[in-house]
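In what comes next, chain A is part of two complexes: it sits with chain B in the first one and with chain C in the second one.
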Partner chain A sequence: MKKNNLKAWLYMLPALAFLGVFLVYPLIDVFIYSLEEGYNSASQTFFGVGLYNFGYVLRDPYFLQALKNTFILVMITVPLSTGLALLISLALSSVKKLKSLFQTIYFLPYVTNTLAVGLVFMILFKKTPYSEGLVNLLINFFGGQSVDFITGPYWAKMFVLCFYTVWVVLPFKILILTSALASVDQHYYDAARVDATPRWRVFTRITLPMISPMIFYLVITGFIGAFKAYSDAVALFGTDLNAAEMNTIVGYIYDMLYGNSGGYPSYASAAAVILFAIVLTITCINLIVSRKHVHY
Partner chain B sequence: MKLVLKDLTKIYPPRGKGSAGAVVAVDGFDFEIPDGKLVGLLGPSGCGKSTALNLICGLLEPTRGQIFFGDEDVTGLPPEKRGVGMVFQHYALYPHLTVLKNILFPLENLRGSEKLSKQEMLKRAYEAAKVVQIENLMDSKPSELSGGQQQRVAIARALVKRPRVLLLDEPLSNLDARLRLQTREEIRRIQRETGITTVFVTHDQEEAMSICDMIVVMQSGRVCQTGHPQKVYEEPESRFVAEFLGTPPINMFSARVEKGGLYIGEDRVFSVEGAAEGEVVAGIRPEGFEYDPKGALCCKMNRVERMGRDVSVVFSHAAAISAVLRAIVDADEAPGDDEKDIRLSIDAGKLRLFDKESGQRIYCTLR
Partner chain C sequence: MEKRKIRKPLSLGRVLCWALLIFWAIMVLFPFYWMILSSVKSYSAYNSEYIPSFFTLHPTLENYFYAFSTVPLGGYFVNTLIFTIATTGIMLIVIILIAYAFARLDFPGKDFVFALILALMMIPSELVVITNFVTITDWGMRNTFWGLILPSVTSVFYIYLLKENFSQVPEELYKAAKVDGCSDLRFLFKVMLPVCKPTVITVVILKVIECWNSYVWPRLITDDESYFLVSNGIQSIRESGFGRENIPAMMAAVVVISLPLIILFLIFRNKIMEGVSRGGTKG
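And now, the complex of A and B:
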């Protein structure tokens, strides 16, 4: 028995070593950095150990802006994209013939580069001296006032960011949900039909519970993905996100490390630890909620 | 509720390029199922049994023909308006709902004048559960139940809305042999107790023979013969029916009618009246033989199998069509184990002649 155990550990050693070096060590390192006060990366020295870095970050208006942006982004895009994806997948699975065509169309954004797509969005929304941008032309057509979506008011920029994020994550969610819907056994629907089940009830009592594990998966990964948003904002608003009021937590961390105000690994680490705590909390809440509503 | 099918036909269109043409899954069904009977729809896999059942249930639309429940034409009605209870082959119990909620499900769909109060629903659910004896499992999830128990839940769910017709698609095929025996008796009992006209689909002839009031034997979309199981067993109208029914199966020989006699191989076994001369196929049930030193049929004995009271003699004959020939004889009349050449006599009342080409029964007198 003991010998077997030893052997098992031995077999697992390469994987464990790999995980340790590339996952656990950096994680611990981040925690350590976040506690070292006044760390100087050139001389690799620090003054003391404490929670000062956290205090600084939590009082930094740029961080608070990034926190607010990230939360708005998460709370709007996760439910919206999941709900939209569900609606579209339902529509797709009821039109058998168009299914494969639609799947390709909706999947295009997923295989297209984020930055390229961001550029396209910029062209759609941006107001330049030469052109109003396609969206503004539309707004004008319907009698509205032009809005500067890229450098204009906060809500306009947030709208573009949310719109963009939903658009980017939608195809993957649609793909997952259409295959989840397709995997529900036709016999359940037949049985429900014989028993005169109204359509809405079929959806809420049969379809939804049957695909609930997949919805749950999408919500969890959606939350985590949205909390880690960064490249989308860069693609739309350029690299100086603090000035644009469009920074996200990950963006803030990056700026603290390499940006114009960069060179502060301790503050960056403190922000990373805060992000970690937030994601952990949200995931735990998700798990608790799911226990009641997800049927495996 | 009497069930009448008139020229009921279902043709599946070809499934796209490259595949074979249209499939006639149900071809001109024309028979009547009497009120309150248990009817077995019997045939090999792929002969269109499920299709026929789905037509009766309304999940499929017929290409042609009509379906009547009593005097009411239900052909155009959707399944929810027909008042049928259906038990699917894989039960289709909702896995996320408890047994009770599964059984309540059809009741909760009732609307308008049929709408029930919560109490009535519970009462009806427990009544149905009692009929199939699963009252103690009401709070379990389907995945926690055995195959037999799931089966009962499915039946309870079908019964709870008091259907006019109960339809079961291969309800026993997912059970092990022992449970299958037990459950088929259960189905018989439940059907007797409720008196609901029941159509029961199976590919297992023994299942159908043992519990049904009437069987409908099908082959590739067509009805071959309908009637009481014993009657169909004894008087098959075609070679297919004769061979499909019965375990052990009927023994088939190539035979010929010549000069007023019926010959199996070189042996003249009977004199015949009313059959044209020529090649025929003779079928004899295992119980149609007798071990008799003066018998007409000369055979080579392979072995004797003793199973309790019955002894089955496995033998071979030059004119045999069946791969294995078997005669069931009384224990005290059986040949000894080491005999080689034996003679068997044939009960004239148990021998059936079929046309060699069409397989249709040839009615004649044997003496």
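And now, the complex of A and C:
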């Protein structure tokens, strides 16, 4: 027994060592960092303990801009992408021909490099001296004015960011919802048909309740994912997101840590703790709401 | 006759349904089409088109040669390949061993340790990246492969996935093997792994996608171009370009970077989609 005991710990040693050094220790450390005032990364000294870092971050206009951007992004993309994914999955489950071809196509964005394809989106939306860009030509064709989507007005940039985010997150949602729809027991639909239930009623009374746990799962993961948005924005607007007014909370954390404005791990930690608190709060609210509406 | 009666009122719905499916398929495919198209247009042809044309009669591969010769695209590729293979390989060994311990070996405190590890799943990576950055910098591992690889060789979720699968292997097999004098390690590699191969493959695929697309950590830990991964490479091409704004060459680089995963996806389509629906998180 003793020997077996030792062996078990030996099997676990590598994983526990890695988890300890790169997950547990940093988790404790980030809270400590966030409370150390005036931390100097060169001399590794600080002069006090308190909430100053949080106050600094919450008053920093760049952080407030990032906070605003992230909230707008979350509030637009989460409902939009979930709704669109639901529509597409419903359409997908009602056709038989070409279904697997469509599924393959819809999944493609998942396996592509966000940074690389973001560049293509930038080209499509960008207005340059020698070309209006494809999207602007389309707008012109329908009689609208060209807009500079990449370096132009705030809402144009936000539109591109939301559009690209939806494009990136849809594959996962479509995949989950399609398999959820396929697993609804066919007997319910047969019973509804016998009763000649109208289609809309079948949808709201059978389909929606049956897949509600999956929709709810997607809403939660969608919120968490959207709050951590960063590389989509980098792909479209470059690494200097503060200048583009398109920074996100995660972007702010990395900028504080490293790069031209970097070298402030305390501020980065405070921002990370704030992000964690926001995500935790939103997830809790989601859980409470789901108790009332999700049918298990 | 009966059938027609039911079908007819649905026809508007069916049209809308197909319209939506085709619309989104075009939305997904168009950026891919556009990047391939732009990458085979010559530099002068691309820049002289005020209204970009939707096809080209003179496809050229010069942009690909240009992209490979002016920026170390090949180097980015090799780096990403080394990073992906090393990370996935080390991770497999680490998580297989611990998953086996949880599934087959008995020791006091097992359930407690397992619960603790599951609790770690809730920690967002943004929270720990700050200290990891400081740790790796202190260890002098910036701009090294170890610095890139070490923080990402464990994944709580994959440990959980493997442990669940290992537990399903019948206990009798293990007892029989023990009677025959088979060691634990031998049993793990000769029996457990072959039986659980589908889950192992799922984990490998998900990890490979994650590694190939990783951007944030490599950006923090490398500023030397010779250690750039493809994501960082494409970003630096975007920022500094090819000396001049050469969009066709940029698109050629994008095609080259996107291709490996797309090919992998087309080959292992079902495996990947099943794996992602079990354990994907992007989105």
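Note that the second predicted complex is superposed on the first by the 275 of 296 C-alpha atoms of A that agree within 3 Å, B and C clash if a C-alpha of one lies under 4 Å from a C-alpha of the other, contacts with A are read in each partner's own complex, and residues count from 1 in each chain.
Following the convention adopted for this analysis, a contact is a pair of C-beta atoms (placed from the backbone, for glycine too) under 8 Å apart; a residue touches a chain by one contact, two chains touch by 3 or more.
Keep in mind that what you see is a predicted model, and the values were worked out from it rather than measured.
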Overlay on chain A: chain C relative to chain B, clash or fit: fit
Partner chain(s) touched by A:191 [first = chain B, second = chain C, both, neither]: first
Greater residue coverage of chain A in the superposed arrangement, chain B or chain C: C
Touched partner set for A:272, first chain B, second chain C, both or neither: second
Touching partner for A:26 - first (chain B), second (chain C), both, neither: second
Once both complexes are placed on the shared chain, angle at chain A toward chain B and chain C, C-alpha, multiple of 10 degrees: 80
Touching partner for A:234 - first (chain B), second (chain C), both, neither: second
Least Cα gap, in Å, left between chain B and chain C after the two complexes are fitted on chain A: 5
Doubly contacted residues of chain A, that is, touched by chain B and again by chain C: none
Complex interface listing, chain C residues touching chain A: 13-14, 17-18, 20-21, 24-25, 27-29, 31-32, 34-35, 38, 47, 49-52, 93-95, 97-98, 100-102, 105-108, 110, 113, 117, 120, 123-124, 126-135, 150-151, 153-154, 156, 159, 184, 209, 212-213, 215-216, 219-220, 230-231, 234-235, 238-239, 245, 247, 250-251, 253-254, 257-258, 261-262, 264-266, 269, 272-273, 276-277, 280-283
Touch list for chain A against partner chain C, complex: 4-5, 7-9, 11-12, 14-16, 18-19, 21-27, 29-30, 33, 41, 81, 84, 87-88, 90-92, 94-95, 102-117, 119-124, 128, 130-132, 134, 137, 167-173, 175-176, 179, 199, 218, 221-222, 224-225, 228, 230-231, 234-235, 238-239, 250, 253-254, 257-258, 265, 268-269, 272-273, 275-276, 279
Chain B partner contacts - residues on chain A that touch it in the complex: 185, 187-188, 190-198, 201, 205-206, 209-210, 295
Chain B to chain A touching residues, read off their complex: 57-59, 78-81, 84-86, 88, 90, 92, 94-97, 105-106, 108-110, 157, 161
